[in-house]
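Below is one structure, written out as structure tokens; comments come after it.
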Amino acid sequence: ETLRLLTWGSYAPEELVQKFEKEYPDIDVEVTFSNNEEMIAKLRATGGAGFDLAQPSHDRIYAAQLEYDIYKPMDLSKIDTSVMEPSLLEGVKANTTIEGEVYSVPHQWGTSGLMANKEMAPDFKGWGDLCDPKYKGKTSMRLKRTILLGTAFAMGEDPFAAYADLDKYQEILDKVADKLIECKGNIKAYWKGGDDLSAMMLSGEIVASETWDSTAYKLFGQNENIVFVPPETGALAWIDTFTLPRKGKADDAAYKWINFVLRPENVTIMSSSTGSMASVKGAKDLLPPEKKVAVSAAFTDADISNLKFFANIPPGVEDMEGKTLEKIKAATGG
Amino acid sequence: MQQKDIKRLTMLLLFAPFALWILLLILLPHIGMVILSLREKVAPRVYEFGFGNYIDFAMEPIYWNTLLRTGSMALLVTALALLIGFPIAYYIAKVAGFRTRGALFLLCLIPLWVSDLIRAFGWILLLRETGVISTFLQWSGAIDGPIEFLYNDATVVVGLVYTVILFMIVPLVSTLDGMDNSMIEAGYNLGGNGFTVLRRIIVPYAMPGIVSGCIVVFMLTAGSYLTPILLGGKNSSWFTEQIYDQFITRFNWESGAAFGFLLLAFTSLVIWLGLKLSGQTLANTVAKS
Amino acid sequence: MLLQSNPSPFLWGYRIYVAAFFIFLAAPLVAAGAFAFNDSLFPALPWQGFTLDWFFNDTEPKLGMFHDRRLLRGMYYSFVIACFVASLSVLVGTTNAFLFVRGDFPGKNALYIVMVIPLVIPGVILGISILVLASDTANYFENSFDLELEFLRPGIFLVVLGQFSFITTITSLVITARLKKFDDSMEEAALNLGASRARVLRTITLPFLRPAMIASGIVAFLVSFENFNTTLFLVGSEAPLTITMYDRMAKVGSTPVLNAVSFFLMVGSGLLALVSIFIQRDKSVR
Amino acid sequence: MTPNPTFDLECNNIAKSFGKVRAVNDVSFTIPSGSFFSILGPSGCGKTTLMRMIAGFEEPTGGDIKIKGKSVLGTPPNKRNVKMVFQHLALFPMMNVYENIAYGLRCSGHDKDEIKRKVHDVLERIALPDVADREIHQLSGGQKQRIAIARCMVLDPDVLLLDEPLGALDLKLREAMKIELKLLQHQFNTTFIYITHDQSEALVMSDHVAVMNKGDFEQIGTPQELYHRPNTAFVAGFVGDSNRWTGRVKSGDATGGMAETDQGLPIKFTANGQSQISEGETVDIFVRPEFIRTLRGADRQSPVEPHETSIDGVVDSLLFNGANSRVLVRGSTGQLIEADVTLTGSGDLTPGEDVRLAWSSEQATCFARHEAS
Amino acid sequence: MTPNPTFDLECNNIAKSFGKVRAVNDVSFTIPSGSFFSILGPSGCGKTTLMRMIAGFEEPTGGDIKIKGKSVLGTPPNKRNVKMVFQHLALFPMMNVYENIAYGLRCSGHDKDEIKRKVHDVLERIALPDVADREIHQLSGGQKQRIAIARCMVLDPDVLLLDEPLGALDLKLREAMKIELKLLQHQFNTTFIYITHDQSEALVMSDHVAVMNKGDFEQIGTPQELYHRPNTAFVAGFVGDSNRWTGRVKSGDATGGMAETDQGLPIKFTANGQSQISEGETVDIFVRPEFIRTLRGADRQSPVEPHETSIDGVVDSLLFNGANSRVLVRGSTGQLIEADVTLTGSGDLTPGEDVRLAWSSEQATCFARHEAS
């Protein structure tokens, strides 16, 4: 049988897949790379068919399930939940419980924050610095909701709190949009994937950028001057989950995969590929050595406690955010 | 009598694949798309008939600005492709020797066999700040510091011209090829200079090819996705991207369908206008190539 | 012709322009191809030396394309899809050619234009419209009859249909053009020599069409192989090569292995294109 | 109604309409075995349609076609033993010469050795024994022609139909092929039906010629009969060159009389056997240029014989064409008359010279106009 | 070297090579004003190349071209007052008749009214006053022809070049257009240079004809001169029909003699003025069919005159073609001889009949073979 994974770019390293296939010779692993939006879009188009295991972030499950009915509840008894970091597990469970059924368990977690070249931008600190004229033409960001949220925090708002009051949220968004449009002249380009971000950063075309921590760690390996910078207002934290699509056909294999990657030795392999932390107990120690250095260079304990976990997105917010992003994109500047 | 029945049966058998194709893959999907675009989302899993998606489009300047921007850039690309491509087509069809002609035509086609993605990828490698061209220019001393050629509208235009120019050259070569050389010679013989011959004889003669090339190029450009996404800068939004966003990142199929329909209607309108202005018909241009 | 007779500065300028144009055409391809041989993890300058690792190496991080299972699988899906699309579209293209060249029915000219239209519909729109119709139908069957029509969900079947929907126009045009050149008296001659209708079709008409069928089949194959816009919306878990490569580029990060694939495809499709041209340049017509 | 096997082909009142267009109009004829029969007519007169009915590609709207005495109505084209050489030959370009010729034999299920023997046999007979392995495009125009005929003849047809097969050839080759075709027909001794709009082809090659006009046969006869004794004005005008006048009969009886052309020229004529011509009728008068004598200088004054018509005129221009040279004479009443003349390069007529033209009334063929629309 | 304005066109030693191919080979000729000059030659002999050099589309590799006495070497085609009618006419399909004709006038910057006047004027003169608004594809072949000429003539050229303009027309129309062209040339009184490979076109229309072969002019002369006094074997064979034999001179002097063909037929000949023929030389002998008398029955026995050659033979076949009928006689030595004959339909020759052919030695033109390759 085939296990069809719908997952993030680096969440299925070849080494691990081969190891898994060796262990379960009757299972073939087929991987489709995707991102949060596409995962939902794909599953929506297929009505939840076509894949056996998806890995959306913890905040993108609830609304999508309500709206499109694309996932199925998990049987937690088939998962070795005991190895998981309880706080993360509970958090995800809380976020993804619908009518008493749990839909997801955590897998990897990481943050979105900033990255800077220490040599060229030594005092780079917060989201707002991306728009600092000092770095004109030398910063970058990804035009997605993260930057909206980050900027909102930087402007002293709490967007997650405003989810309850969408009018309020719209106000925040408008403010953020103005700020980002104004900032447009300052940035070199919007990056779209880890690839172009790495290229720009490594080549020195930019000195600082919004980033995923994992990308920053990777670059740290190439150039020790490039470090992850948790913003003053707190890095935004996401947890990528294991979730079963509604019409998946290989649930057993999916559970097998989940348990397989939760094993400590496999966590290390996985983390070296993803650059993120697994949501298992003692994850930091399971990191490959060079990543450990990078993480230590990036985070203090204070930073960790300052993390802002993404909150569940209520229906409608995606639309509002989308429009705001379009507005920013279409506005002329720079 | 019997033979007539057989003929009718064959006709039907021949007609069936055509009808199925057009009906199931072109007509019904588009009707479906229009119907979908007329649904308004009022609550999760609840929809109503209405023009909301179109009204949204009309009310939101971002959307129609993007559409207009896409349209006008597509026109620009079309015009550039024509200007750049025509002399090439003319060279291939009329100036080059018999053997070179075939070779040049082949050369022209080669990029066609490589996907959009690879072509855009190639451009990125060439144009980025640390790319080949910038490095070369620095090395040769023409510029002091690196220059970023990527991520602006001009790059998008160049990239688009590059992707579509073959579709301009091919119909042009085939019409110009069909043009008797003696027609040009007659133009000179009767006293015309190079410019008159070009304007009064060659261009009017090549008109069906020009229009056909322009239509295909315009459509391809307006509908292109990869090139503007990959080469475009922070200001360059493209309407297909907008559609993609509606579908994929905002899960808003209804307005995505509306956008799709609008793109189709808009490009069709432009082409219709173009045909009217040039006095050509679809039948004697695209259908001929 | 005309310009050749008096080699003037103008002609030289013209030639330089043409040469520049071809450099313009070749540049990105050469760049994309050349970096396949760069011994570096990033497809970018500086040049780190020549290597074939990106083709043949079998270990990370420089996993060569021939050992990269996902790329190979993508290639396999692309190949399967392209084969289906090519054969289907040649088949329907042939029936269309007969329909429009031989047939005589009301509205023929209008329908001929309808046949051309799919070629000028933006690929993205073809993709989404087919996606919408297919999933609506599938949802309808699921909700009303509890019938799961899985083939209507994104996947190879829909990808094939989506590509087929506009590639058929290409094959139809090519085959129609060829059939128009067919001298009907050839069929009559064969009948006259005692052949039955089926035999005429088999021994005269189809052999005459064969070069166009093969050539358009190759074109269909290549167009399908490289299609992105339409496929993007219809792809399920079996991603063809272009999608795999795009995902690599946008979601993982490009390494020179992508250049290697590009180089491989360029060489491959170049060869195929040559074959098609060789076939089309047959002796019988002209 | 009993089958008459001495006729290879009989057509009885055969007719064909395309919608309102009446392409062939109740045509009847019989063709004796082994003869070379031509159908001559202007473009669009229905020749091809007639031939396609014989071959079975069109269903007649009326009448009957018999081959070797048996009606073939309802027999599909591939079952009729009537073979056809098409205007553009329709050789199969994807097969070589051998396969082209073998095609028909294969269709009728001959075995391999027999096919081989027959093909080589027929190639011998058309004097092209060595071309079996050539591709079609490697043949010259004349060779293609012969292969097209061989392809039919190898099947031993009752009748061979040829639809303007020389139309696509160039001038010189056409001349050569005319004679060649006639020789081939002798060789095979099969009935040939040859369609053409070129009178010289029809006259040179045929045993019998049918002149066709607007779907009707105007006359069937030997080439000489048509040329010298045309039955209708159309035949007189279409076959061979003629001076043609319209006029009105001044006096006359069944055997001949005197007419005056519209320009006022009096012409003596002999009535054509077929038609009665009475006084006052409008007539077409035809005089062939080769029967007009041109009298110069003193000869001009010599008295003409009583049955001759003579006209004085001035040489307008000379059309030198070797043996077929013409003089254009402007008669006293203003019209141009063409006469054959031999120009040798010395002592010839010169433009401006006064001449007298004379011809016998026997050579002035006259047709009443009642048939004209 | 002084300009001689009575010649519209002079070519001096003009030559053209394409790489190794020598298309035109040091050709010199002059064309007097207002004459109709034809260049006649087989396909590929360099006619078109010569004409394209005159029009300015090809640069000669040697020699000089003068129009109205002025050298035009280096003058671009659009500055030469030499207009050209192309083989396929090259009318502009995207313009209507009026615009086609007006095109040249517009190029030379005439004002609107004048253009209008001139176009209508020239349409009058070609007798097509009403077609100004027609599209090109609505014209018949002959009308197109005339429009193509009008388009040039409206510009009042010094010389009009016509490159096989009748090649694409069908037989009947070609015949008609021959005479028409000659009349048009009279009308406009402009120098016409007419290219053709059809000898009858060249003979009928031209004042002077140049016969071209492999890039060289073999002979320039009036049609009669070429026909009756050819200078070379090529001209004798190419212009008009001929019986042609090769043979060896048995006896002879400068004025004539006796030759024997390869088949053993003795023929008396008159030496052609241009060439000396000595005993033992290989020669080509030409006798035109129209100069061969066919003697039948008793006449066969009547003695032939001493300067005549006579041959006994059997009628092989008759090619009836109205006024141009031929008889093919198989001579005693086996070869076929063509003779003109008049067939009237009664008392004619029949195949198998014994006949004697006779012709005067003056009509047997003879050329020594030394020039042959």
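A, B, C, D and E label the chains in the order they appear, each numbered from 1.
In this text, a residue touches a chain if its C-beta (ideal position, glycine included) is under 8 Å from a C-beta of that chain, and two chains touch if they have at least 3 such contacts.
Since the structure is predicted, the reported quantities are computational estimates derived from the model, not experimental observations.
Quick one: which chains contact chain C and chain E both?
B, D
By the touch rule set out at the top, what is the minimum number of steps from chain A to chain E?
Steps on the shortest route: 2.
In terms of C-beta pairs in contact, which of A-B and B-C ranks higher?
So, comparing the two chain pairs, more contacts are at B-C.
Rounded to the nearest whole Å, what is the centre-to-centre distance of chain A and chain C, using the mean of the C-alpha atoms as each centre?
36
Measuring centre to centre with CA averages, how many angstrom lie between chain C and chain D?
56
Touching at least two other chains at once: which residues of chain D meet that condition?
None at all.
Which residues does chain B have that touch at least 2 chains other than itself?
Counting only residues that touch two or more other chains, chain B contributes 128, 130, 185, 188, 247.
Mind pulling the chain A residues that touch 2 or more other chains?
192, 199, 203, in rising order.
Where on chain A is chain C touching in the complex?
4, 6, 8-10, 14-15, 30-35, 42, 45-47, 49-51, 192-195, 198-199, 202-203, 247
Residue numbers of chain E touching chain D in their complex, please.
So the residues of chain E in touch with chain D come to 171, 179, 182, 198-200, 203-204, 222-225, 227-229, 239-241, 288-290, 317, 319-324, 340, 342-345, 348.
Using the touch definition up top, name the residues of chain E that touch chain B in the complex.
Residue list for chain E touching chain B: 55-57, 76-79, 82-84, 86-88, 90, 92-95, 103-104, 106-108, 151-152, 155.
Under the stated contact criterion, what part of chain B meets chain A in this complex?
Going by the criterion above, the answer is residues 44-45, 60, 62-63, 65-66, 128-130, 146, 148, 150-151, 229, 233-235, 237, 242, 245-252.
Could you pull out which chain B residues touch chain E in their complex?
Interface residues on chain B, with respect to chain E: 180, 182-183, 185-193, 196, 200-201, 204-205, 207.
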